[in-house]
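These are the structures, in structure tokens.
Next, two complexes with subunit A in common: one pairs it with subunit B, the other with subunit C.
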Partner chain A sequence: MTSQRLDLYVTRDTWLHRLDPRVKTWAVLLAGIVGLAYKHLLVLAGLLLLTHLALLLARVPGERVRWLWRGLAPVLLLILILQPLFAPGPGPDLLRLGPVRLTQSGILEGVSFALRAAALAFVVALLLATTQPTALVQGLVRVGLPYAWGLTIGLAIRYLPTTYGLFVTVREAQEARGWIVSRGNFVKRARAHVPVLVATIIASLRLSDSLGLALAARGLGYPARRTTLHHLHFGAMDWIVTALVTAVLGGLIVLRFVMGLGGRAW
Partner chain B sequence: MSRKSFDPRIVAATAVMTAVVFILTRVIQVPTPVVGYIHLGDVGVFFSAFAFGPWVGAVAGGLGTALADLTSPYAQWAIFSLIIHGAQGWVAGWLLTRWPGARGILLASLSGAAIVVAGYLLAGTLLVGFGAALTEVPLNLVQVAAGAIVSAPLYAAVRQAYPPIVGWGQR
Partner chain C sequence: MSHNILVKGLRFAYPPLEAGGPTQWVIDGLDLSARAGEWLAVMGASDAGKTTLCLLLAGLAPHLTGGTMEGQVVVAGRDTREYPPPGLAASAGLLFQEPEAQLFNADAEAEVAWGLENLGLPAAEIQDRVDAALAQFRLEHVRHRPPDQLSGGEKKRLALASVLAMQPPVIILDEPMGGLDPAGREEVLAALATLRRDRSATILMTESDPEAVSAFADRLVVLERPARQPVDSARGQAIALEGTPREVFQHLEQLADLGVSAPQLARVAATLNRRLGTQFDFLTIDEAVPALAVHLG
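Showing the complex of A and B:
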């Protein structure tokens, strides 16, 4: 496993953490549309910068931000190299080697795609660093996600560490019996996992049977209106942030689709 | 209290299979040149679809891979993974329900592979540009082929070792 980080949430008590999850989900949705719709470097760089400012305000540790940058670095580097070569675009050649052309517009396009990838990754990371998964699911249910779907997502998140624990236990037991997986190409490594997967999946299915019985014993499945222990409250700060985010990001979306701005890297 | 609106066992199976898909997506992450990594998540998607049918396959496949993206530096792919692997799980499960047996598994595997490769090519074109996305096609093919190659014997082995799952796929 390249990383065993199963949860990006950072426990803090900042105003960003206290914001209603529906506000943050709305902001991420709008920021995602802006990130995908715009190619302009200033807009994408601005989005990336704002996200980092928000991460700072949310007191997310620098180590967490560096972990994300380290993971993204090879991806960004290769976008910067490959995009200008595959899609050089119009304009005079800066360099020409046979069929390979390098142009200013191609380079700017590559920078734009790299900024887009980074900005979108950090926008989502900001949401996950400041919102408990259960609160996120509760927020989605409050805006119309069917309860069964919300419960399924919540249970899946709850069972990630359990399932990972099952997998590690089975893998270690097999390794103690001389099982080696880290050799050969990807397909060989994949096939070598079958003995571990069979045991892990059967253990997971047994877990699923017990969980199903536990849910049924608690009356799940009956069409009565369910209550919650913790309620979500939309406070003054939530309304202010919603209005601000809608005005700024919604305005950018209108400028892009109505006035056609920001469709080029520069 | 009147009739049940949904089966708690299906909720439980979907949640647990989502966690399994997540773990398989995060177990082997082989970084690829441009747009992310290849993983064993397809094994979990195909298995969920074969064992539990199209809907569990769709939810476990889409949600499991999306959660894996969200907790890695590839969060920008989450929405695309949700749609692409969700479609892969649904189509694979539906085809096996329609044509049970080896022919159904072959059809399901081929269709699932086509959805993944075409889906990520489209998503990659939107996110990182066509040139960069094109370089991922062979890697996605290897990943989804490995998923199909591993999931069929895995499904057979689990059915034999754990008979209670026989028949779930027809629900």
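Showing the complex of A and C:
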């Protein structure tokens, strides 16, 4: 079931799922600022750990978390390898091969960047795993985003698995007719994927065309004030979590920008 | 008698693929009408313009597709030229051939509610209509399930429920049986049967499945194979055959020429009539069994 693998929302009834989407979006915004502003390994590792704790509390299956780690692994590996090589930073050389230098600060920066990428990815994954796209859109619209923009974000999330499913279907159909895309080195495989991508893009364009017609047929833009079936309710738990998140993450942001802490990896 | 669907002298051509390229009529000279509560089926070869007709009736063509249109299409008293598609949403509901593009919400309940929210209905009424639509199409058990995790039959039923919840006086079904496995086909046939019993809306259904047509339609129109005439040509005649399904399915050779299947039992009856000199005219198994029993004594 390829379509389910990219569908990040996990149907559960935990307090994290029940939180108002505006609280979660606010938390993601603050966590994103912390993740981007800080280089310090402890802060970034702490953010990553906190996110995993939240995923555990949200009862997101371990397989889903491992799947995300597997998807991120090549990117993180590239960061870990390339960052120290291309930006070795100050300090004595640990290794020197011609123009290539390897330093402790370069390695720590690489680890910091990789941790940052992982932390940010899991922060967004946590939001998507615990928030229905419809609720997310509703939350964004309630804080002032035009409905069409919110709908666009919701549709992008909704059709991610469908587009991936299309890609897999096209690849399997072409492989069944002898077009092998999974053999050879990286460049060869990348080239073999070009016809698969072209067919996927064409199919996606057709789907988006039909989607536009379907949205209009169901009254998007109908001359009436749009209502909603379920109203968002900001309860006591929402206020508590908002206060807690603002105090902790907001405090970290203040420490970074006012006191200048955490600007270095170590 | 009032007509919920009125099509007069309709011609339609999509925009050419490239600027200055040839433009040809996809539908050429269609006159059609359907009364309130009538179920009209439209059959034709795969390129006869059936889906285009659905888009025209829903007002999506030419407003969103572009193209050249002549003649008049009036749906529930509204001329589609004068009403852009969102304005027609409460008048004409369209079930698309591919449910994938039609189901874009997080779960089945949100899917049915979405169109009603666009119409600006109060939350209590939306809830009532959602509950009724999910119950009517036996979808309560998937209320909180994402549409992409439903079976083919469930997806079609959910798309149908989403359209019907808006209670439009005209319902347009584009190949409701298309792309379904036998189980899904049975599910959708049962869903259509509930529509048939209700009889409150005018239904236009394009369909390649002759069994479904003979089971539900009051009247059947078979479209000509498109001649693809250039836009400056004289107006053609889009309808090749028209009548009740029983009348139309007597013309087996003409239907074959038009690229349209007849019910298997209609072909059996025609063969028996030719070889044995009998007068069978059954279309369904329910009609065939007693007729054959009488003949066999």
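Quick note on the criterion: the second predicted complex is superposed on the first by the 184 of 266 C-alpha atoms of A that agree within 3 Å, B and C clash if a C-alpha of one lies under 4 Å from a C-alpha of the other, contacts with A are read in each partner's own complex, and residues count from 1 in each chain.
As a working rule, a residue touches a chain if its C-beta (ideal position, glycine included) is under 8 Å from a C-beta of that chain, and two chains touch if they have at least 3 such contacts.
The shown structure was predicted, so the numbers you read here are calculated from the model rather than taken from an experiment.
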item: Touching partner for A:191 - first (subunit B), second (subunit C), both, neither; value: first
item: Partner chain in contact with A:224 - subunit B first, subunit C second, else both or neither; value: both
item: First (subunit B), second (subunit C), both or neither touched by A:242; value: neither
item: Subunit B versus subunit C as contact partner of A:130, first or second or both or neither; value: neither
item: Partner chain(s) touched by A:117 [first = subunit B, second = subunit C, both, neither]; value: first
item: Which of subunit B and subunit C A:105 touches, first, second, both or neither; value: neither
item: Touched partner set for A:51, first subunit B, second subunit C, both or neither; value: neither
item: Touching partner for A:9 - first (subunit B), second (subunit C), both, neither; value: second
item: Between subunit B and subunit C, more extensive residue contact with subunit A; value: B
item: Shared contact residues on subunit A - subunit B and subunit C; value: 1, 3, 7, 155, 158-159, 162, 207, 211-213, 215-216, 220-224
item: Of subunit C, residues touching subunit A in the complex; value: 55, 58, 60, 64-65, 85-87, 89-90, 93-94, 96, 98, 100-102, 104-107, 109-110, 113-123, 126-127, 130, 144, 146, 148-149, 162-163, 166
item: Residues of subunit A defined as touching subunit C within the complex; value: 1, 3-4, 7, 9, 11, 132-135, 154-155, 158-159, 161-162, 207, 210-231
item: Touching residues (chain side subunit B, partner subunit A) in the complex; value: 1-20, 22-24, 26-31, 33-38, 40, 43, 47, 59, 63-64, 67, 70-76, 78-79, 126-132, 134-135, 142-143, 145-147, 149-150, 153-154, 157-158, 161-162, 164-165
item: Subunit A residues touching subunit B - in the complex, by the definition given at the top; value: 1-3, 5-8, 32, 36, 67-68, 70-72, 74-75, 78-79, 82-83, 85-87, 109-110, 113, 116-117, 120-121, 124-125, 128, 148-149, 151-153, 155-160, 162-164, 167, 186-187, 189-191, 193-194, 197-198, 200-202, 204-205, 207-209, 211-213, 215-216, 220-224
